[in-house]
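Each in structure tokens, the structures are laid out below.
Paired with chain B in one complex and with chain C in the other, chain A is shared by the two complexes that follow.
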Partner chain A sequence: MNEYKILFTGTMGAGKTTAIGAVSETPPIVTDVVNNDQSHTKERTTVGLDFGQFTLDSGDRIRMFGTPGQSRFDFLWKILSKNALGMIILTDNSRPDPLGDLRVYLEGFADDLDIMPCAIGIGRLDDHPSPSMDDYIEELARHNRVLPVLQVDVRKKDDVILLIDTLLAQLEAGMFGE
Partner chain B sequence: MSTLRLGAYKLPAAEVVLVQTLFRLYSHGDTFRWTFVTAPPYDALLVDGTTDEGMNPDVDRMAKAVLRLTRMNSGRAPNTLERPIRADRLQDWLKNTEHDLIQTRPATLLDEASLPTAAEAPAAAPVQINPLRFKLRRWPPAALLRSDPNLIRMATLLSRRALNAAELATISQQPVQECQAFLTTLQTTGLVDVQKAPVAPPAGSAPAQAAAAPKPAAPAPAFARGLISGIRRRLGL
Partner chain C sequence: MSVNLKLSPAAKVIAGREAENFLNDVNGVTAVVIATVDGFDVASAMRAGDAARVAAMASSISAISSVVSQEANLGRNKSVTIDTESGFAMVYSVHRDDAELVINVIADGSAILGQVAYRIAQFARVLAEA
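Coming up: the complex of A and B.
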């Protein structure tokens, strides 16, 4: 049996835990504690990591890890991203500066993003239309990145699956002709 | 009744999608004679009048009539259309242009019987498979992808690797015509860079064929392919 890893990262409250729970075959293991970060109203937040998984017919397991949202835990990001199949960056459009949030992750994972498949999921876009999808695409272009940018509701399993599918497609493209 | 062909030249993808949508709406009447096409010849062309490329005189030689999109509140000059595109103004221009073109017996006018309706045209028009490889230079706007998982998958593949329509069809498992149509849309909207493939060899030239044919999808490490298909199966994809 082999184990593979998919990483979910993004700001506090972006829905990493919910996204993992949407596709995990077991309730995600969460390491939430009471939030004392006054920049955010969320009552509880992840300070370690979240974990969920699903098992393939072959017996192989796909493990999904959610990073702690706050950038002060970026030392954990590096550890978690090692040997991951891919990474999903979730953003919360209701936050004051979602594009700035995205920049934090694009820069924090810059080395990984040169190789690792990645997709961006934008949450709460319906209620908070600015910045727009095009603004995100433009922000990525400023970082010389062309990555899938999808509007998501992480409570919906299909939305999370579509994000994962874009990671798989990137892996396929990388293997083509080899 | 004859059909006229409107094309778009390096317009933002969202506007191309908007015009295609408007054409579907216009075509519900019996009198609409235009079809939106993604390849020449054009009777009329819609271009971005705010760019140097759009103002290049060469563009005027690509069609008998050219409509330039201009900035909001830039004033209404002949053969210009202010942004955002207004359905009634575009329709007025098409009607006037149709009248002018018919008066001058346009060479590209085709018999209605030989063409599908405007709504059917994009799907029904014969598609030429282009051997050129394309790579995405920018993720397409949501209006172009329409939350369609197949289009999103195709765009994702092109974000990672330059592919031609045949290769894209092989990996995405979509019909090659759909892949070609998608590539044409991306090219029309300036979202892809072109990577030239080797020139096609004469028929029957085996070594040349081998050299020019798209690189086949050689088996990748079996475990990787098995892993991807296993994940897809597990997630119901």
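Coming up: the complex of A and C.
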């Protein structure tokens, strides 16, 4: 049995806590508190970490860690990304500048992205078609990254599992050294 | 980014004044930062450093201590002390109706742990009732 550690990061409000809660088999560990940041309407926000677990059909275990979104918590990004096997970056297309948001994580996790697989999950794309998937791929290319980009609704378990499977497929394809 | 802080202006004034007093009265204390639970500094008094970063870290420590106390059925979290080679940091939770706050104190090796612990608890009581 293998144990994989996967990191969920991305914009505040994109659904990192929701995604982990959607697939976790144990009640997720959540460190959300009252949000005072007026640029987001959400009531609560993660300031520590999220944690959940789930088992693949193969019996392998996934341990999921979620980061806070805001860059003032970047000291935790470094701690939480340690020894992760892969990373999922979630964006929220209803935000004013989703590609700018994506850049924050591409740059903040640049060292990690050199050594681990990553998948990008775009949320709220149906209601907010711009930027398009192609725009995301072009933005990634500007950072010399070729990464899978998926449209997701992180409230749906299947969508979150698809993101995780996309990471594992990259690992199995041997695209990253052990 | 604008912060919509519900904390009463009177409490904010008291937080600032008490932080200054704390820094000046207690030997070895180098920083006192009062922050919201989501990591924004509300008031601070410090000899050096960046209050915004201290505030963010204090809120993470407090949130993690809160989840640990819940998981262990130990009631509401009160404080965390990080003891180091050359001093210590203490994070103390303040439960108010209008805003949940954390007080973060950083002290060097000349500070006395018990003295800071006593004073920070006193500060938290004053701030909870302000």
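In this section, the second predicted complex is superposed on the first by the 163 of 178 C-alpha atoms of A that agree within 3 Å, B and C clash if a C-alpha of one lies under 4 Å from a C-alpha of the other, contacts with A are read in each partner's own complex, and residues count from 1 in each chain.
Assume a contact is a pair of C-beta atoms (placed from the backbone, for glycine too) under 8 Å apart; a residue touches a chain by one contact, two chains touch by 3 or more.
These figures come from a predicted structure and were not determined experimentally.
In the superposed model, A:Thr31 makes contact with chain C only, not with chain B. Taking chain A as the reference, the larger set of touched residues comes from B, when chain B and chain C are compared. When the two complexes are overlaid on their common chain A, residue A:Ala110 makes contact with neither chain B nor chain C.
Looking at the shared chain after the overlay, A:Phe176 reaches chain B, while chain C stays out of its contact range. Contacts of A:Asp57 after superposition on the shared chain: chain B is touched, whereas chain C is not.
By the document's definition of touching, of the two partners only chain B reaches A:Met133; chain C does not.
In the superposition on chain A, A:Val149 makes contact with chain B only, while chain C stays out of contact range. Of all residues in chain A, only 29-39, 45-49, 68, 70, 72-73, 75-76 touch chain C in the complex they form.
Chain contact summary for the complex, chain C toward chain A: residues 1-6, 36-40, 52-53, 56-57, 59-60, 63-64, 66-67, 71, 99-100.
On chain A, the positions that touch chain B within their shared complex are 2, 4, 23, 54-58, 60, 62, 117, 119, 133-134, 137, 140-141, 146-151, 161-162, 164-166, 168-178. Of all residues in chain B, only 14, 136-139, 141-142, 147, 149, 152-153, 155-161, 163, 167, 171-172, 215-218, 220-221, 223-228, 230-237 touch chain A in the complex they form.
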